[in-house]
Amino acid sequence: MAKKNSDKKDSTKKQKKGSKAKKVRIGVVDTMFARYDMGQAACDELAICPGYNKTFKVVTQTVPGFKDLAVAAMNMIEEDGCSIVIALGMPGSAPIDKQCAHEAAQGIMQAQLFTGTPILEVFVHEDEASDPKVLASVFENRSRKHARNAYWMLFEPEQLRRRAGQGIRQGFDDAGPLQLK
Amino acid sequence: MAKKNSDKKDSTKKQKKGSKAKKVRIGVVDTMFARYDMGQAACDELAICPGYNKTFKVVTQTVPGFKDLAVAAMNMIEEDGCSIVIALGMPGSAPIDKQCAHEAAQGIMQAQLFTGTPILEVFVHEDEASDPKVLASVFENRSRKHARNAYWMLFEPEQLRRRAGQGIRQGFDDAGPLQLK
Amino acid sequence: MAKKNSDKKDSTKKQKKGSKAKKVRIGVVDTMFARYDMGQAACDELAICPGYNKTFKVVTQTVPGFKDLAVAAMNMIEEDGCSIVIALGMPGSAPIDKQCAHEAAQGIMQAQLFTGTPILEVFVHEDEASDPKVLASVFENRSRKHARNAYWMLFEPEQLRRRAGQGIRQGFDDAGPLQLK
Amino acid sequence: MAKKNSDKKDSTKKQKKGSKAKKVRIGVVDTMFARYDMGQAACDELAICPGYNKTFKVVTQTVPGFKDLAVAAMNMIEEDGCSIVIALGMPGSAPIDKQCAHEAAQGIMQAQLFTGTPILEVFVHEDEASDPKVLASVFENRSRKHARNAYWMLFEPEQLRRRAGQGIRQGFDDAGPLQLK
Amino acid sequence: MAKKNSDKKDSTKKQKKGSKAKKVRIGVVDTMFARYDMGQAACDELAICPGYNKTFKVVTQTVPGFKDLAVAAMNMIEEDGCSIVIALGMPGSAPIDKQCAHEAAQGIMQAQLFTGTPILEVFVHEDEASDPKVLASVFENRSRKHARNAYWMLFEPEQLRRRAGQGIRQGFDDAGPLQLK
């Protein structure tokens, strides 16, 4: 139980850094390619978070496909001053789509490291569900949950700490924790 | 419906940056390896976009194969002042070709992040259609559609926003959006 | 037996660099996604290492999933002054999970190279054991062993040297060394 | 037919940059691992290009295996002043060899982006032909063709432009272009 | 036979750079995970190279596993002044081990490009031989051969040039060259 004595990282630092005179900015970037308006779902969730348009505001952009997300997210951080970005896309179901998703995800990973700023990759694979209505609900749920995660990362990191190792999922039900004995 | 209130990113910024005295530049780089003149198709589409050779002009280059696209595109941005580049290539159908396509795509991804500038990767895989005429039409259509996307990204970002989550495709018919209920 | 004459790298350098007035910091970053509180296990092990809260202290953070570990670890080094970070996560068992694990691991690799600082990637794959209790013990054991490795790397590098080529494992039993003859 | 009106990128820029007082340099790096003297084939082709040892000269190096090509090529650019490098290697036929080839190719890709200079990756996979004599001819032909490509990229870019989309190959016969109708 | 007239890259440059007042340094980094003391084998070979402890000396470090090699090797170059590093590790035989080996190898590749300095990746895959004694001999032989390669790269590059395209192997017998006719 040593953890309670450990130093808590001050996750509001980036928030402060960006909030001199203007509001903290959260970026939302989505694609024409996806078959669901993931960006809208993320924006809807952010709109019901505390401080919407007061403490923070939302910047949006749409790009052609998921491979275009990384540089767009990077520019939202470096040029638009976003403190975090939610990058939403839908890889298709063919093998080559998996490879493309890999390239897109690697780009998002690198953009985070180049900027030192989190970019939440929110991908729904077209083959995660065969029923279009189920798939649509995965799009809606995962986009909203990660928008909430972005909010927590900036403003309520203790919400994340509280759920450490709890098998939390976005899009489907939580998996729950395992027991040692 | 919170999105309508959100901040729209000003996508014409790069355009302005590059347009002090000279025209905005759009780069088109293609290969000897491809079995279709993809660069010509992209140039043909750009030639019918508003402002061609007035607001913007096109810079072209041809390299041996698709692995040579990334550094060429990067140099078109850094040395020739392009605000966006369309990188066109054709991976073959063997397993090793998929791996090479992966390397080429990763390079294009990194070139974007190194320059902070979009490079639209336009790849037509040789095995996307068995009928040569169908394949040729995929080459023509995808090259043109992405050239149009490049134009939109610089000059009409609202065209992209309007199509967010609509299952838009290049080369084949659009997939269309899914319904939540 | 030439090695005994070779130069021993002074592994306490980083320690000194970070310890002017304040304690050396060890970072522990874990996820909500994992089904075991890996961060707690790592912290428990560090709490029984010599010098805990005297020579060194522990900084913790929780992120949503394992793809969020890399930039978080990087920031714990660059902003919080950690001399080493333990990054703990659980990839799922589906093929796409392996791909995501690959992306997460590549990010952690790059974060190390960008910072010049070790980040110990501690991943337990959900399919390493079918019995939940066995899997839980792998989580506990591997998290603790790598926490101890982190401590050794900073303060007792001779512990590592002594075990070179000995087939040491974390999570399962050691494999042991092979004999030439 | 808009392309004819477009701006031609001046590909001789790098040449000029490097040719103040001294000759342009073309790098050739090969391996001990390959089963054919690819570097010699490339050098033989360059020796019959116009301006050999007048306009340009050739710098050579041999490394152990193809994973050692990337940093060697990078240093030939940054330390020896090469304007382009031809990197020649032979991946083996086992699955692990394909993975190693992937790593080597990624390194060559990154070296290009780090230096802003083309490095032509010339790999002959050991399983491209079962007949040793056929395989040897692939080695010879591909090494020479890419050496010629390197020369064209620096001195005669119109040779590349003229062949855009023509299905040009190195090592085997050209595939030729597809027809739209 | 044009090659004989070409410029030979002066491979002793790095050596000179590092040898103002102090000896050239060769780094050797190995792991606890491997089942053979690869670092010792490399050091034994270096100890019988000309100039050992006169012209050059050896710096060693041991890390937990092969994913920890890249940043360690990078620091041996940047902080300890090594002119080349030999990075030795043993990936396991499961599919996930191949993926981890890939990540480790990519890291070593990037570390080379970040530092502009060669790092010889010496991996022995646990499934290269089923007989433990044969496998042990692969460990010993490959580690020694690459240590010798490192020495040649710094001090006798003509040894490499002489073997270009000769199908040289480490760990197993040489494959030999193919004949064109």
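Letters A, B, C, D and E name the chains as they come in the text, with residue numbers starting at 1 for each one.
What we mean here is this: contacts are C-beta pairs under 8 Å (C-beta built on N, C-alpha and C of every residue); 3 or more make two chains touch, one makes a residue touch a chain.
All values derive from a computational prediction rather than experimental measurement.
Shared contact partners of subunit C and subunit E, listed by label: none present. Graph distance from subunit C to subunit D, where chains that touch are one step apart, equals 2.
Matching CA atoms, the turn from subunit D to subunit E amounts to 70°, rounded to the nearest 5. Look at the contact of subunit B with subunit D and you find different residues on each copy: under half of the numbers used there are shared.
Computed from the mean C-alpha positions, the centre of subunit A lies at a distance of 41 Å from the centre of subunit D.
Averaged Cα coordinates give subunit A a centre that lies 25 Å from the centre of subunit B. Taken residue by residue, subunit E touches two or more other chains at 102, 106, 110, whereas all remaining positions touch fewer.
Shown here, the protein chains touch around one cycle, each chain meeting exactly two partners.
Ring order, beginning with subunit B and continuing to subunit D: B, D, E, C, A.
Residues 1-3, 5-9, 11, 13, 98, 101-102, 105-106, 109-110, 112-113, 116-121, 125, 146, 149, 153, 157, 160-161, 163-170, 175-181 of subunit D touch subunit B in their complex. Every residue of subunit C that touches subunit A in the complex is listed here, in rising order: 25, 28, 30-40, 43-44, 46-47, 52-53, 57-64, 67-68, 70-72, 74-76, 78-80, 96, 99-100, 102-104, 106-107, 110-111, 114, 132-133, 135-137, 139-140.
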